[in-house]
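Below is one structure, written out as structure tokens, with a few remarks after it.
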Amino acid sequence: MVSKIGVEVIIMKLLEYEAKDIFVEYGIPTSTGYVLEDVDNLKAILYKMGLPVVLKAQVLVGGRGKAGGIKFANTEEEAVQKAQEILNMKIKDLPVKKLLVSKPSQIEKELYVGFVVDRNKKKMTLLASTEGGVDIEQVAATAPDKIQRLDIDPVIGIQEFQCREVARRLGYTGKELRSLASIIYKLGRIMHDKDAELIEINPLAVTPEGFEALDAKLIIDDNSLYRQTEFKKDVKDTQEYTDIEKSAMEAGLAYVELDGDVGIIGCGAGLVMASLDVVNHYGGKPANFLDIGGGANAENMKKALEIITMKEGLKSIFINIFGGITRCDEIANGILEFKPSVPVYVRMMGTNEKEAREILNNAGYELYQSMQEAAKAAVEGA
Amino acid sequence: MAILVNEKTKIVVQGATGHQGQFHSKRMKEYGSQIVGGVTPGKGGQMMGDIPIYDTVEEAGADASILFVPARMMKDAALEAISNGLSPVVCITEHVPVQDAMFIMEYAKDHGADVVGPNTPGLISPGKALLGILPPHIFKEGSVGLVSRSGTLTYEIIDEMTKGDIGQSTALGIGGDPVIGMDFISALERFEADKETKAMVMIGEIGGDAEERAAEFIREHVSKPVVSYIAGRTAPPGKRMGHAGAVISGSSGTAEAKIKALNAVDVPVATMPHEVPEILREML
Amino acid sequence: MAILVNEKTKIVVQGATGHQGQFHSKRMKEYGSQIVGGVTPGKGGQMMGDIPIYDTVEEAGADASILFVPARMMKDAALEAISNGLSPVVCITEHVPVQDAMFIMEYAKDHGADVVGPNTPGLISPGKALLGILPPHIFKEGSVGLVSRSGTLTYEIIDEMTKGDIGQSTALGIGGDPVIGMDFISALERFEADKETKAMVMIGEIGGDAEERAAEFIREHVSKPVVSYIAGRTAPPGKRMGHAGAVISGSSGTAEAKIKALNAVDVPVATMPHEVPEILREML
Amino acid sequence: MVSKIGVEVIIMKLLEYEAKDIFVEYGIPTSTGYVLEDVDNLKAILYKMGLPVVLKAQVLVGGRGKAGGIKFANTEEEAVQKAQEILNMKIKDLPVKKLLVSKPSQIEKELYVGFVVDRNKKKMTLLASTEGGVDIEQVAATAPDKIQRLDIDPVIGIQEFQCREVARRLGYTGKELRSLASIIYKLGRIMHDKDAELIEINPLAVTPEGFEALDAKLIIDDNSLYRQTEFKKDVKDTQEYTDIEKSAMEAGLAYVELDGDVGIIGCGAGLVMASLDVVNHYGGKPANFLDIGGGANAENMKKALEIITMKEGLKSIFINIFGGITRCDEIANGILEFKPSVPVYVRMMGTNEKEAREILNNAGYELYQSMQEAAKAAVEGA
């Protein structure tokens, strides 16, 4: 979810190079390099760095390697050509806007180290494995004994000795144990200091020079924005979202883009998800998830309609409101403020339902009382 | 009976003088909840209608607390309630940083307090007490205990239940955040122990494995009938569906897995919300 | 019997490979203490004479720990020992920051571990085990338990005792810092419970009110004879007499007050160190 | 005690204005002003500040007020004259080197707020009282119910709500409660962040503008120097110690200056204290306390003799060594390296006692085996 504070929006996921900057700040040995937005300066950089180089698309979606977003180059010409190729790519529909140029490392082995928030234990938990370079969930599924876990007491915080214990359980000893423990400890400090939800080094390479973070993943808890101001960004400057998603963020609405043609607006995440399910049940394909939240007003409703109609190929709209704290008449007034070009099917119940009915009926909208009926009508109207 | 809160529970409202706090303090009191005071540091000594405002929780002499404080003040306010021995401590506020939530939960565990939420509509023991922002008029006193990760979806289902003359012992929203206090298991455990409760409804959604773990618990420890509904059957992976906790990560957290786990322990899962009371009626 | 440590106690030495650690590991082992290993992160796998060195405490399989780590590493190392269930954890190092000491003690309390020190010479159960830096040759197995805030002064008195043929069950230095783990009371409590111990010696000094509180405890809970010596009768107020904890603040912490409190519970206080064995002999 | 690291020595006590600088950094409302070492710029300062002013000697010993170290001035002439008076003063033998010029506050009431390390509870403890401006120990003795206490869990740390609870128990409510709680919280943060052993605002004044810290006391834990580097000072730049004490600090020896004429050197604080007591018992007056520590070497011993003989009026020296880890022969060699002009009485026992005896007998020193005998001889020889 995205929090809105003025026009600034927290972008939770950091790009590889952004996360690596924080690793460097904390003294974690990290493979860094230069970040480019075009190939203009690449030759000068190659002159400084030498060859070969590795070129990595800076994107926020996974599967970058498989999509061809990581390339090696041995000559200047190859580097320029491949850099241009990457900068021209789209990975999972998102254009690549930045590129990280690094020196390839001499990899002897790849480890995995990361911290996650464990919902069940209500603690931040370290996961570490000697099986790095692959998805940790895959390791968890196929070789769970290869993963070392450590729960961090939220009141006491991570302690250095715990990191040494983990490093030892991974099979390390002596100097390597100290280096690895230090990396784990620093990673845990970042997790805490920066209010991260997830931090990951995958792979953490073993090289002849020691450990080195080859990739970096860092997701900041958006609810911590007020104290993690360094991560505030204007939503316009981000890569992670589509234009409609960005507009929704700016309006403070929870929006998820989907493939179908029935637009869905509701109040409360659970009810909107259920609306999606019901539309699907009747053979419809939801175009989106849009939650105006509990206690929404007319303005929120109007904005929601504006945003939802930005979607191409939209054929009908299903509005599902259960008025608990939300007042139905307020929402009805919002609906009247924006007239979409596709039919709108409204289901409203609860607080001030009667007033809402009158408002909408006068404006020519039909009101449904049950979720199923309204969903069915929206599917048929699409 | 009912669980967690009843007509005798003395309740303090932290963050009582804010917009939300004022509105809901009045509403809870009107419903019959024993609101013994509000707390807003710096406003002690004032009266808000007939509710006295205090600077600190310890002055109010309450048993339980409900919090409407801003997210950034939640940790300190919740620790205050817990440190004063209050339970349950119901955190309505959304957008509480997850590290603060973890700290609160660890502190609560050490002090033996129940925390509900954050990002929860709270709870209601119909006819006895409202400790939350749920719309009380849709509830009806009865013998079905309900626990849910969702707010409005709960109202939807409660409304169908009440219209079908199926009343509730207590209905509890556990909150939509990844890290929350009371979870399905702790609620089911109390409903199982509560003499008044004859059956339970569990409303889940995608993300995490709370429903799967609840299914395990039901197999071992729950003798009363349980009906479930899981929202997000058709949600795509990797997207947060409104709630911070409602996200399918890779292959984990899908509705499918949850439904399978529940069916495996003979918990029927409704396909659509309005089917919940129908199934309940068959089982009661 | 003896308290805290005996011939069966498996001991790990944290900070074993440093100058002090090496010297005393060897010395303790020679005395007969069961030293099962040393810990120095980064040096695991080495051998120090016949003592194996590990990277972590959990590898050593010990019951108790003695720490020679630098002061700035004491907190982490002590938490490691405590977290692994070791007890007692004897912190020899001086100059540990008081906030670190407080953290260690709270953590130890939560884990049920006994911490001795910091800034202590450690302890010895003569004839059984040495877990400290005390000079073992001056001790003699016997039935007097000794607890002290001071190192060399203890040796002085032990030497007189041994020469006077009064042996010791266990002798324990609790450390000269303001915040320490085991104190007079916890030591006296154990000596009282230890069948082998027939009498106790308590060596105090100016600063704090540990002796006064010990007197209270003796009144209520100690049946065996206790003899005391208090150093610093003529120390001026406001000055730290070598130990960080040995300071008279205003009217509190004076030797006079301590002697008075002890005399009030029938504990004789020797005027000079060599009088301790003389008084003991009369009482045994 | 004082730690030595290179030639830098931690000076634990801060002057009023130094502590106040930290208060200001943390946002505690504080009565500040200008610090002077002479009266040259006083007129310019008065021009900026206006009159009247209060002039306060910056010294590290208590009882400054009674000694005349705090004076008020209503005119420029008065200010210059009184400032000069203060800068010419000695308070408890220490010359006043700095002066703080502040605006007098309109005091309606004086509170006390401070944190101490509670040895018994092993926690930092807040003491707060509405009876400020006097010694808190006096309040504790005469009106203990006027003191509010709060123990801080060392693992969890101070929490803001606890400070509000204390402020309320002191009788405050509303806005004043918030201000007072905030001051208490910030004070607790300083205690923790700066590794303080003691922090005190006495008095914390209630003025028409709100609370204001009129005085400030802050003692840093010298053992935390390695991480509290801002408090490192060269011992030469400090005011707190006599020249002999400074020399001892530089040599890393624990030294306390006393009034008598029998110099005392021993190993281990307890043994040195006992030596003092024994010398007193035989009618002598110790000139000092000097602990060379456990495991001392010849160089430590030599330094100890050098330092102790700096003392005027010294008549004899009593050296009391119990060799546990300390080797007596090593100490004996140290004794030979410096020949004081007064008689030296040595008592040595323990490790390598025989060798030490030989060394010292050959050099003409007499060796005692018992502490009492040596002490008696030193008293008689004085």
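Miscellaneous remarks
Order of writing sets the labels: A, B, C and D. Residues in every chain begin at 1.
Methods note: a residue touches a chain if its C-beta (ideal position, glycine included) is under 8 Å from a C-beta of that chain, and two chains touch if they have at least 3 such contacts.
The shown structure was predicted, so the numbers you read here are calculated from the model rather than taken from an experiment.
Under the contact definition, chain B and chain C share the contacting chains A, D. Among the remaining chains, D is positioned farthest from chain B, on the basis of C-alpha centroids.
Chain pairs A-B and B-D differ in how many C-beta pairs are in contact, and the one with more is A-B. Mean C-alpha positions place chain C and chain D at a centre distance of 27 Å. Between the CA-based centres of chain B and chain D the separation comes to 56 Å, rounded to the whole angstrom.
The set of chain A residues that touch two or more partner chains comprises 155-156. Residues of chain B in contact with at least two other chains: 107. Chain contact topology: the protein chains form a pattern that is neither a line, a ring, a star nor a complete graph.
Pairs of chains in mutual contact: A-B, A-C, A-D, B-D, C-D. Residues 1, 3, 117, 119-120, 122-124, 135, 137, 153-155, 192, 195, 197, 221, 223-224, 226-227, 254, 256, 258, 266-274, 276-278, 280-281, 286, 289, 291, 294, 322-325, 349-351, 370-372 of chain A touch chain B in their complex. In the complex of the two chains, the chain D residues touching chain A come out as 155-156.
Contact residues of chain A toward chain C in the complex are 156, 159-162, 164-165, 167-168, 173-175, 177-178, 181. Against chain A, in their complex, chain C makes its touches with residues 41-45, 55-59, 76-77, 79-80, 83, 107.
Touching chain A in their complex are the following residues of chain B: 71-72, 95-99, 101-103, 105-107, 110, 121, 133-135, 138, 148-156, 159, 176, 178-179, 203, 205-206, 208-210, 213, 229, 231-236, 239-246, 249-252, 271-274.
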